[in-house]
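Both of the next two complexes hold chain A, though its partner changes from chain B to chain C.
Moving on to the complex of A and B:
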């Protein structure tokens, strides 16, 4: 792709991502928030793809926009909050406090990024190129897998332990709830999900 | 050929053709569905409009287009309008990577199968949003069921696809088709259906669940939920939902053919390295025949099996299909490391 088109797509994706993440926090209705969160994930995955990280971009779509948001949506729809059930908007004090914290984090992050080793290394090489030179295999499943399993194997395995802890916790919580209901009807014990749903 | 404008034109032409063909297959499929269902139930079925009732879909379309387009009171207008498109668009988009002939697909991605799997999963949002926005408790239940079902069966489906990717060692769908080809009638055994039978069965059943077809159409389930997520929809919005479901069925069948049934190849015809127009047409023909055979299987199942109960659906999804496909994945890994040809050793 020519640099002009790539920049155009980046601009669109960046604007969509920013606007939709703003909408996520400003919408009153959680269904709308969830919807704009999906849009935001999609826009971020477009940015990944523009950076030649196609596989990572699709994983972002598949895992976050596809699977996790369906779960979110499931929970929101199960509770199904309507206009009357929603809590009151917080006051000016809370809002300004939140804005202050957000500003602080933003400035810390931009300071950290602009003074990071990588940026300094790149800027010492002259002006940072619009489209960095990458090898043709960059971002493919092969390159991604080799990177993950050769350089970051320990981190990868530790992450899987973390996921395992989460699974065990979920199973424990679910089975504890079941024990309390042993006196309830046998139908309630049958399914993992309430059969009325 | 190297001229980029020319390439863009070709790509656009392909996209238009595929879109048009998919759009045209849907009414045909509805007609087949009604005729086959009538045949299975020992009825006659629609036979009044045109010869053998072939124009019936046209009459249906006219009826749907002229129906009053209702939006229920208290419905969320924007999401209500958006939902049918969210079912239809992903299904069409996902089909673009399926090779319908020798190296013939609309979009060439280096990660074709992952693209298809990702995009086709998005149609659940249409069902969920549509069910929620209708402001109807039956619709909401339908939408809820759709999202829970999709999450559960997407896992099993993904695991069975991974087993195929492990044996094929590529995500290029054309390459997967080429690997399934071997000369002679015994070459049939090279199909992943026989090489990976467990993955094939799990994939097939998960495909039924993903496309909301009977016996897993719990999101509609007219006996309990009136019409599920589309209860409140009328006219062309309903038709869009309907078409989306049929296109999703075609897309899933296309993926099933490509992954398990040898794609556009048949064992009796050699795959040419430099295909002529006739070779191309032949391969498209093979794909189409397989597609319609599989679609017939879908329809046949729908009118033969009763519907599952919702808790049964969840139980077999989580307690049978996911463990089975995980075990299959383990076996495939062991077989791959030991260099076995899975199950059936070929000469």
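Moving on to the complex of A and C:
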């Protein structure tokens, strides 16, 4: 792929990611936020693939857009908030405070990026798709997997423990909530039956 | 245009948009989504730094990408726990408004 095409695709993906992330935080209905978040994840996955991280780009689509967002949509469906249930949004003062903090963080980060010697040295070498030259197998599932299981095996195993803890915690929290509800509904049933007797 | 500073600026921009979402919104669902947004912004920075350091990094050729895979796992665990907490809160208090959860007593 020629560098010009890569620049064009990066520009499109960056604009799409920025616009959809702004829409995520400003839409009132959480369904629209979730939909725009999926668009943003897809744009980020395009950027990963442009950075020769092909496998990671597909993982981004599978895990984020495929699994996490489906979880979000299931929760939205379970809660099924009506227009009246949606929280009243913050006033102008709170919004401007939040925008001020966000702007402050962005300006600090941009200052750090524009004044970093390391970033300048790395970017003076040339645009990313050309340097440094990596092998054709960089970012493929084979090269990625070999490095993951040879060099970073311990980290991988620790991550599996983290995910296991996450699963146990989620199941425990969700099942405890259901037990509360079944006892409540059985109490309600008894309450309904008893007056008839 | 497609260079390391451009990627880092994009990452910083997405991170601050996520910060705005966490601070300004009252809907817990949207706050959790903004957290995912911030994690993604950090992922962009990790992958770009990993790409430019591909041949020199101590962590190996795919160090940045493997780090991003770990962030992905953390994000999945965080979403599962956060959403089940949200379900418990919804069943108990029938609200998804953060401002109504300022009391810690049941």
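Note that the second predicted complex is superposed on the first by the 145 of 197 C-alpha atoms of A that agree within 3 Å, B and C clash if a C-alpha of one lies under 4 Å from a C-alpha of the other, contacts with A are read in each partner's own complex, and residues count from 1 in each chain.
Criterion: contacts are C-beta pairs under 8 Å (C-beta built on N, C-alpha and C of every residue); 3 or more make two chains touch, one makes a residue touch a chain.
Computed from a predicted structure; not experimentally measured.
Touch criterion met: A:51 reaches chain C, while chain B stays clear of it. Set against each other, chain B and chain C differ in how many residues of chain A they touch, and the higher count belongs to C.
Of the two partner chains placed by the overlay, only chain C lies in contact with A:169; chain B stays clear of it. Of the two partner chains placed by the overlay, only chain B lies in contact with A:66; chain C stays clear of it.
Look at A:78: by the touch rule set out above, it reaches both chain B and chain C. Common to the chain B and chain C contact sets on chain A are residues 55, 67, 71, 78. Residue ranges of chain B in contact with chain A, taken from their complex: 76, 79, 109-111, 114-115, 117-118, 121-122, 124-125, 128-129, 131-132, 140-141, 143-145, 147-148, 150-151, 154, 171, 309-312, 314-315, 318.
The touching residues of chain A, counted against chain B in their complex, run 31, 35, 38, 54-55, 58, 61-62, 65-67, 70-71, 73-74, 77-78, 80, 140-141, 187, 190-193, 195, 197. Chain C meets chain A in the complex at residues 1-10, 12-21, 23-27, 29-30, 32-34, 36-37, 40, 43-44, 47-48, 50-56, 59-62, 65-66, 68-70, 72-81, 83-88, 90-92, 95-100. Only residues 3, 6-7, 10-11, 14, 17-18, 21-22, 24-25, 27, 30, 33-34, 37, 40-41, 44, 47-48, 50-53, 55-56, 59-60, 63-64, 67-68, 71-72, 75-76, 78-79, 81, 85-90, 94-95, 97-99, 101-103, 105-106, 109-110, 113-114, 119, 122-123, 125, 127-129, 131-132, 134, 138-139, 143-144, 147-148, 151-152, 155, 159, 162-163, 165-167, 169-171, 173-174, 176-177, 180-181 of chain A touch chain C when the two sit together in their complex.
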